[in-house]
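Presented sequentially are two complexes of chain A, the first with chain B as partner and the second with chain C.
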Partner chain A sequence: MYSPPSLERLINEFARLPSIGRKSARRLAYHILNQKAESAQNLAHALVDAKDKIRPCSRCRHYSESELCIICSNPRREQNKICVVEKSADIEAFEANGIYRGLYHVLGGTLSPLDGIGPQELHLPLLLERIRGGVNEIIFALGSSPEADSTVLLIDRMLGDTPLKKTRLARGIPMGSDLEFIDELTMLRAFEAREQI
Partner chain B sequence: MLKKLFITDFRNINSAEIDLKPGLTLISGDNGQGKTNFLEALFMVSQGWSFRSRSHDDVINWDAKECMLRVQGEIAVISESEFEQGFLLRRRRGAEVRVDSQKSTNMGELHGRYGCVYMGPEDIALVRGAPELRRRWVDVLMSKSHPDGLDLLRKFRRILRQRNSWLKTSDQNFYGDEQWFALTDIFVQLWSQISQRRAQVLEDCIPLLNEFYAEISGGAEDINLSYINGTGLELAELVSIDLQELQQILLEKMEKLKAREQIMGLTMAGAHREDFALNFSHGKDFRYNGSQGQCRSAGLALGLTAFEYTQRYFQQNTALLVDDIFAELDAKRRQSLANLITKNVKQVFAALPRTEDLPFSSDHLLQVQKGEITTL
Partner chain C sequence: MYSPPSLERLINEFARLPSIGRKSARRLAYHILNQKAESAQNLAHALVDAKDKIRPCSRCRHYSESELCIICSNPRREQNKICVVEKSADIEAFEANGIYRGLYHVLGGTLSPLDGIGPQELHLPLLLERIRGGVNEIIFALGSSPEADSTVLLIDRMLGDTPLKKTRLARGIPMGSDLEFIDELTMLRAFEAREQI
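So, the complex of A and B:
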């Protein structure tokens, strides 16, 4: 070890982030050291602040600073439509192009017994409650992995014969691809060609 | 035609640059010197996977951190065009793949440009061997004729693991029936598609299989194939049945197994348990009613069928790798196999310990000794 302990610690922390290897972690750490003290403080602040203030929206589980997120508390959004996504970041992809004006629901994963994720872990009872409280269209945007497919089926079965229009984004989105990385045009096409379940 | 192979730290081969020629190239050397490694390198660089191991790390030389393979060749369809592809593997890291000038990290990119078929001792035992070997045989062909084949198999394996995990450990009380259905319906959808594609491949193979079998054995008996997936459907029915209908049949089957599966904590039917059998025309199974010789001949015929099937798909741009099988055959079968190969194959690489085992003369000779490859 050639670096002082505090530098080493910073590198270690960076290296724990996703898709950051040892080399990049070191580069980031040196970058921070070369900057003014103020910008390091800003960064530290932003980290703590975000972690402190942000929690899941009590209705849709999207990241939010208040009880209800920006989308849920906007009265101009269509209140009778819910788009079900896997994670908060997926919402960004929809909002970026503004094609959708309804509400969302963030599952936080897909059905995966291997990872111990079942209907409880996905907060499905919360979703069911929302749907039964006056929603008439539900759109699944969960990708096309087998786990996503069985999650859609599971929710469909749990809903029983609740009268509801149910659609899912058209396939065409390659397997394993994250919604957040899909370009707008592909997203638009998938959205417009959604399939009835 | 494959023209040049570059190897760095692949298994026991540290470094090699080999000119590949048309016709028959014989690879000689004692056992354990690296003959199969050479064939594996050729296979892996052209197909993107190894016929011997699942983990990419296995192929990296023990003393090295990374290995590299590269092949150059010519694809002849209407006119001839040069191609080059290869990969770099680092231990415990992903692959760096290059196909012509395109870079990627997906070994699957290597697959589908140039055909390569491997025939080894386990092919001779294919008829009587484990069902897994026969599934692999048909799946390899399916992945060529059906572009979505590999994706279906990958998804199926995934949902199978999820389903087994659910049956074993997960909470089955909370919306248990709904969970069972959600996992089983997707499972059945994938299974039915795989079954139908496999059946299609097998049906397409029957004429080729009979042609090769007749030439190898000189026998007059016909071979039929039957598909074993627990539905009782004949091969031809499986090919033509409406997919929805097949899914319904399979779902009913799973419903019958439901109680038992929950006790066993295991999925008890599915694409991972299917099999096919070779039958004589009077309906009896080769495995139990055929002689050792008949089974071996049928195994060789399956190997050659795989080659011909692949060659048709790649419009002749296919190499055959034959690993040490001549020694296991009697003189008559050895000669018929040799004739078939010289007649049908433009580029063959055959590995065997002693050159005198070969019933025909080779065009080129490579010698492998402790991972060193020399052109003789």
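So, the complex of A and C:
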């Protein structure tokens, strides 16, 4: 022990964050100590504030500070298109290139019986309700994994013979990759070549 | 704009930290939102708490929560040896291998006239006072740069003909590197081969 306890605690907390090792955590902590108290307070405040204010949008489950998220409450978005994503972070990959102007639906995962994620764990009733409320295209953007495929299949079956354009992203997406990290161009091509189910 | 303002603020605050880009900052923010409120609060508390409690040790200027730091107040450390480092983070490199059992002195920088760091900006009077108070070895661990060399030279001149063993780390340390990131073995060898000035 050669550092004060509050410094060790700060290092431990930083090291809990994903992809931040012990050495990086220490470097971050030293950085904080070398800055004005204001920077630490700003980060601390942003942490508590975001966690406090953000809740799921009541319509699409995207992160929101109000009843409806920024996208759902934007009247200029195409109200009759829903893009189904696994998590809020995946929306970033679409919005970065601006190719899509419809709405989203955040499922909260994909079917994965081994991890205990069944249909009940996903926000499916909400999605079906929205689709029945008048939507003419549903786009599945769930990455390319067996779990994603069976999720699409399940929703497709639940929808039955609805007169609805159902597409999914073109198979240009590399297998096993995380949608959140797809580059804009690949996402653009995959979106444009989306295929009829 | 597709994320709520408090989320964007959190991403901005994370992106201010060193070596955390926009994409990593976003990922960290999403991680926080996916965790229990407690994790965000713990990190927030650790930030404010560390910044609040930690001040320089009145003797060696290392990070401390009390008047004297953990190292200065440890009676089992050799009280007649002082290892002079640039910043608190450098102490880590010594303490990780446990080869050194003496005290430290954190200078707060090295002489760098171009950056406006002259002798007044370093904690020199405090160091001279400590040395005169009865020390028989002073070890300079300031990395290998022209600024470090001139800092050692200056302190050596200020000390004059004091009957004192003055050493510096062996020149095994690669040029231009940051002491904070030296691996333990290199640090060990450099410490053992420290040379008389």
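What to note about this one:
Following the convention adopted for this analysis, the second predicted complex is superposed on the first by the 197 of 197 C-alpha atoms of A that agree within 3 Å, B and C clash if a C-alpha of one lies under 4 Å from a C-alpha of the other, contacts with A are read in each partner's own complex, and residues count from 1 in each chain.
Criterion: a contact is a pair of C-beta atoms (placed from the backbone, for glycine too) under 8 Å apart; a residue touches a chain by one contact, two chains touch by 3 or more.
The structure displayed is predicted, hence computed values, not measured ones.
After overlaying the two complexes on the shared chain, residue contacts for A:Tyr63 are found with chain C alone; chain B is out of touch. Contacts of A:Ala46 after superposition: chain C is touched, whereas chain B is not reached. Of the two partners chain B and chain C, more chain A residues are in touch with C. In the superposed model, A:Gln120 lies in contact with chain B only, and not with chain C. Residue contacts after overlaying the shared chain place A:Ala37 against chain C, while chain B stays out of touching range.
Of the two partner chains, chain C is the only one touched by A:Arg9; chain B is not. Contacts of A:Leu153 after superposition: chain B is touched, whereas chain C is not reached.
Applying the stated contact rule after C-alpha superposition, one finds that A:Ser112 touches chain B and leaves chain C untouched. The intersection of chain A residues touching chain B with those touching chain C, taken from the two complexes, is empty. For chain A in complex with chain B, the touching residues are 111-114, 116, 118-120, 124, 145-147, 149-151, 153-154, 157-158, 175. Chain B contributes residues 151, 155-156, 158-159, 161-163, 165-166, 169-171, 174-175, 177-179, 181-183, 185-186, 189-190 to its touches with chain A in the complex.
Against chain A, in their complex, chain C makes its touches with residues 1-7, 9-10, 12-14, 16-19, 23-24, 26-33, 37, 39-54, 63-65, 69-71, 87-89, 91-92, 95, 180-181.
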